[in-house]
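Multiple structures are listed underneath, in structure tokens.
Both complexes shown next keep subunit A, but they swap its partner, so subunit B is in the first and subunit C is in the second.
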Partner chain A sequence: MSMDRKRFLKLIGVSAVAAGLPGCGPGAGGGTSGGSRLPRRMREPVQLPGAKMAVVKGAGPEAITRRAIEELGGIGMFVSKGDKVLVKPNIGWDRVPAQAATTNPEVLAAVVKLCFEAGAGQVLVLDNTISDSRRCYVRSGIKKAAEELGAQALYLEDYNFRSVNVGGELIREWPVYKDALEVDRIINVPIAKHHSLSRLSIGMKNFYGLMGGRRNQLHQDVHLSIAEMTAFFAPTLTVVDAVRILTANGPSGGSLADVKQCDTVIASVDPVAADARAAGLFGIDPAEIRYLVIGSQMGLGSLDPATVETREIQL
Partner chain B sequence: MRTARRVSQVLFFLLFLFLLVMTEYKGTDEIAYPVKVFFDFDPLVAAAAFFAAHSLPAMMFWSLATVALTVLFGRFFCGWVCPMGTLNHVLSHNRLKAAENIRRNRYDGRQSWKYVAVVFLLAAGVLGLQIVGFLDPFSVLIRSFGLAVNPVFNYLLRATFYPLLALDWLWLTAILEPAFSFLRRYVLSFEQPYFYQGLFIGLLFAAIAVLNQLRRRFWCRFLCPLGALLGLLSRFSLLKLTVDEKTCTNCLSCRKNCEGACEPQSTESWIRSECLPCWNCVESCPHGSIRIGLARPRRSEQTVDVTRRQVLASVGSAVGALALLRIDPRKLSPSASIGAGRESKRFNPALIRPPGAVDEREFLERCVKCGECMKVCIKNAIHPTLAEAGLEGFWTPYLKMQLGYCEFNCTLCGQVCPTGAIQRLTLEQKHKTIIGLALFDKNRCIPYSLGRNCIVCEEVCPTPKKAIFFEEVEVTDHTGQRVTVKQPRIDPHLCVGCGMCEYVCPLVDKPGVYVTSIGESRSPSNQLLLDVYGGGQV
Partner chain C sequence: MWTRSVNYPLALVLLVGPILFFACGNKQKQADSALIALLPREQLPGQLSAAAKTDIYRDVDLYKYIDGGADLYLECGFEEVAAGEYTTRSGESIFANLYRMADPDAAFGIFSLTRRVDFRPYAAGTMGARNDYQIVFCKGVYFIDLQTTSSDSAISRDMEEICRRIDQGIQAPRDFPDVLRLLPRPGFIPHSEVYVRGPLGLNSRHFVADQNIYALNDSTPAALAYYHLREGGHPALIMVVAYPDSVEARRVFGALESHYESKAQPDDSASAVFKKLPTRLTYSSNGELEVVIRRGTILSTVFDVIPLEDPGSAPSADSSSPGK
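For the complex of A and B:
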């Protein structure tokens, strides 16, 4: 049987498609990426000589953000030259900044700018959104703010989730966004919001946005899952945007009547204390919030902000 | 002229592909390009919409330009502009022997089918039955490309890139990732699209493509009702083909290369209504005997080959089709102008129309089933119906909330609808437009049935004051302990039926909360609560 060029190419094409197709689809190749060395944030946790938390109140989101990080010893304590940094905002909803459902773009921009000032090699800004991600990235103003400064605000790609051992009692093996596993530093930049199941959605809950898979199941034990994710992602620094806070109908909001102007930024290396301090802005006792209690019991931080060395500053 | 025709065909086809890619959210609330422009120039859709719905979107007056140009220059639209024609043109390429092509390009009496089709469709339109979308070339093309070809294209590219990228080989990722990002940004859909019935629509389109192997441009010659309408309009066109009998050797090279089977080998045999003026005959004539020019038409010339009997038969079948398709349990009134009276109370719970859709009777009179709204839907929620809207409404759009949901701040579907079946809404109007109502299935919903917390639905509910609220109730869990859970409820005064709750419900096979069409603002009858609707617009 003779085989001309055309037939040969056809055969190759058909067999390539036949061989390739069954293995495709979302989540393909979801093997555990074992063996890789720990990212820097796990190997070298930050040790601060002075205050562990700074609460700055005043006009100008950028100014108060900068000041809060300065009070902790400056961005150089957290980011070194060449670091790959993930700055994680909350942009889960198709809302504009005034509606206080998404991180204030000026706060995020201040953090990104500081990272580059400290010599960061690469700054990533991303979130696994709930509403359509294009609308969230655009309408929150985060994509524009990040990209103008040279950070990458990329939409998540299905092929970039890796199923890994999260190490929790509840969350054992779960798909996690690849970049969150690899970066040297995670700086969490959440907005402080009401949430009807966990009561508040601030820093620790923000890590839902680095998870893939069936996230809607996590609600069934929302408090434990929040604490376990915080333990897993080990944020280097939490910068809570409380310029505007959402006091009701959270976490999606939408009504300006539920927004309260607080003009505050809280920066801390202690993820539990940062959320506990932000709870004060809502007039909520942190001890009433179960995920904070669980987090402190797990040794992730202090439930009582009074026990943490804090700089309170009014600009 | 043949080169000019080819350039024109390529440009219009590229325009079609570009507009198809742009029929998607690209970072602005308004679609930046006139993606439905081919419909604006389509006199068949304009005529059918005008007959059936007695009104015409302003943009469709452009189709009068097509009419005027056709009256002057014949079916140039088919040969030079129509992307469906171009596609069939390319797919008609064959390697048959010259004699076989000469034989197959003889005028075929069955080419009158398309005239029967157009008379049938327009007669149905006059009777108020809008079924032109099944055969209108742009409806077919956009529906097939949007719902079948584009998903296949996306799948194949993603299926090539994903496994290679998931290998995590740094050098490979470094090469492929920028390429894939580029494709995703400019060519691919944002997410892999899926359409209910996509396979079926794709197979029908493949059949149209394969038919070209039987006869060149099979669709254009035998089936296309728009081509037929333009053929009828070209009857008095100034286009004139003349063959110089002194130099002609009867080699039939002209007929061998003919696109329309219009018998170009002599002045007398030429059929102007079948001529696509492709200029193949002129350019392929070895003796330069053929000329296409402008002249006043004469009565004796060959024109449309359709008998009175065929016309009567197709009008008769339109009447029959009207009765067959309209006798429907929903008892829609025969005309939109007849009041509700004692109208039916039978509504299909699954028939959730896109926001801005007009009332069902008028919707069916307007919708041409082109699939633009389905292609543009940001969450891939709009799909073609099978039988949900009756046979008359086959392939009309409805939302399937388990596959997608209606994004609260999005108004794209109303922007791309060519016939006004889905009205263009402002954001403010959209927020008030109710497309259905969500209710809980307490036998399945987790806090009710299993005594554990969940309320993902409440978290995502997008109305500024959430339409889902909850009660804290003490129940017994599976270990016998008394626990307090939050049991969700719906406030029908706030719910707009967007379906986000149904979409995110952890009961992924059969959600514990689901939207049905009741309460939709477009319908005066499909209503539940007196205080919400009150029998009139709010």
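For the complex of A and C:
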């Protein structure tokens, strides 16, 4: 009878896998749709007098990004002088920008530039990557784009994760990157892409990149985990990079055949609406995306982007 | 120090355990070699150089390589991957992923899910496909995925040569999952057939629900393919599942009935219509139509919906039968 090492260890009674999921509540795996226990939020949402979402389409990632934020009242609505700002892109994969698995460096650069124009004291750019960090940061173009403007592109170190009380139904406590806890503002700058488990990976899913631990353990209720971490991090602003979107084989992608040019940026103070609007670029009804439904039920934002006051601009 | 009162069971474990432990470890190393050995390293074409190290990922460690993409592979029956890389003189990379799946059907499954509608047929393995940047094929328990970011014709030729050598190194009969034979022939769009073992695979072609309503698994897989059902219309997706018995088929049919009933609940738009008969369910909404038909142990579903991609634009192939 053939046997591998794992089966042998089990046979002699050595447990190689911990029973249960540390840090998760009894609702784990139950497929709950937003239980009664809501995560604590790091900051209150920004109240805007006018439009809550801007969708700008046109050539030139920097131009459409700037215009999208301008339509919401300008960067001054989100960043104050002296603020320490985390600009959170998706740098998860060892990919070049054309493959649309990581945030477009020009979109990121536009946001970083605006933060400094608003007087930000410090701008951090980071992500807990899947592939080797150094390759991801460099090949995505994000390290260069960030550092040329004076932002700090930080590689994450294991010892800088802190276990925090998230307080959710699924995620009670989880290791989170320390720097993400010590900033005044979080501006979420995800790329819009297909995801084989959650269907889409846009802004709300992007917060997985601030988490440590064995994140795949959360896949048994990935939708609730996405909503809970969005509630916890409570982004100041979401700027969705849809200049190119990854339509299939996400999250890692790789094939240029899966990339669709959309030349669009979506900016919103409503993280659910931003994702819901971006879902439309994939021809997906937001009501079919369970993390959006849960996020809406949690009060994080609007599932129907049509109900959100929006500026639609074609440059 | 030995005493008269020796705990013999414990002694046996302590004595034999390490021997068996390292023996199993050696067996794993041999398995490493078997997979890595399939990636060519000598006399490479076009002055390619192979990366010094090939990473191996097994079971749930696949998450460390492709993160959320791992769930689909694990659903299909993933066991191990060797992730290799070749570099050209100009610094371009060819990424070569050699997956070992649980069985040949699993390998065909992940191949069929990875193949996109714009891929053209490629003569490799049991079945192959490619576009300008990627070549994928399956053979035996293996799924091979080569990718480059360059459409340079020289790099493309190098990629083909790597592919040919890997293909030559694998000895396996040409075989297709049995369930593909249930797919009808008339109107079949060549090279659109897909084999799935769970909801992630199904949802990658057409989203039904997060739950596994069709009760798909390793022993109850589904076959899907695109069809031209009418002149000038968009292609429809047909799915066929053969259940172990009619009781299970009836149970799943009942679950689908509940699913469509709740989908069609009246709301402000009130555009959804659901009709049910003892062996047929029909759901329509916004011009799209889904029909489920139960015959004995088999459930057939037609998703007459507007696809995100147009499989009708796929290049024609030599054969018009599914799984050939």
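Some notes on this structure:
Everything below uses one rule, namely that the second predicted complex is superposed on the first by the 270 of 315 C-alpha atoms of A that agree within 3 Å, B and C clash if a C-alpha of one lies under 4 Å from a C-alpha of the other, contacts with A are read in each partner's own complex, and residues count from 1 in each chain.
Going forward, contacts are C-beta pairs under 8 Å (C-beta built on N, C-alpha and C of every residue); 3 or more make two chains touch, one makes a residue touch a chain.
Nothing here was measured: the structure is a model prediction, and the numbers come from that model.
In the superposition on chain A, A:Tyr159 contacts subunit B only, with no contact to subunit C.
When the two structures are aligned on the shared chain, A:Ala98 is found in touch with subunit C, with no touch to subunit B.
In the superposition on chain A, contact is made by A:Gly254 with both subunit B and subunit C. Look at A:His219: by the touch rule set out above, it reaches both subunit B and subunit C. Using the contact criterion defined above for the overlaid structures, shared-chain residue A:Gly283 touches subunit C, although it does not reach subunit B. In the superposition on chain A, A:Ile130 makes contact with both subunit B and subunit C.
Once the two complexes are overlaid on the shared chain, A:Val138 sits against subunit B while remaining clear of subunit C. In the superposition on chain A, A:Leu197 makes contact with both subunit B and subunit C. Counting contacts as defined above, subunit A residues 130-131, 195-197, 216, 219, 222, 249, 251-252, 254-255, 258 meet subunit B in one complex and subunit C in the other. By the touch criterion stated above, subunit B contacts subunit A in their complex at residues 25, 27, 158-163, 165-168, 180-181, 184, 190, 192, 378-379, 407-410, 446, 452-456, 458-466, 470, 486, 504-506, 508. Of all residues in subunit A, those touching subunit B in their complex are 20-21, 23-26, 28-30, 33, 93-94, 130-132, 134-135, 138-139, 154-155, 157-160, 195-197, 214, 216-217, 219-222, 249, 251-255, 258. The residues of subunit C lying in touch with subunit A in their complex are 13, 17, 20-21, 24-25, 27-28, 31, 59-60, 63-72, 95, 114, 116, 118-119, 131-134, 147, 149, 151, 200, 203-204, 207, 210-211, 306, 308-309.
Touching subunit C in their complex are the following residues of subunit A: 2-9, 12, 31, 92, 96, 98-99, 130-131, 195-199, 201, 215-216, 219, 222-223, 247-252, 254-258, 282-284, 288, 290.
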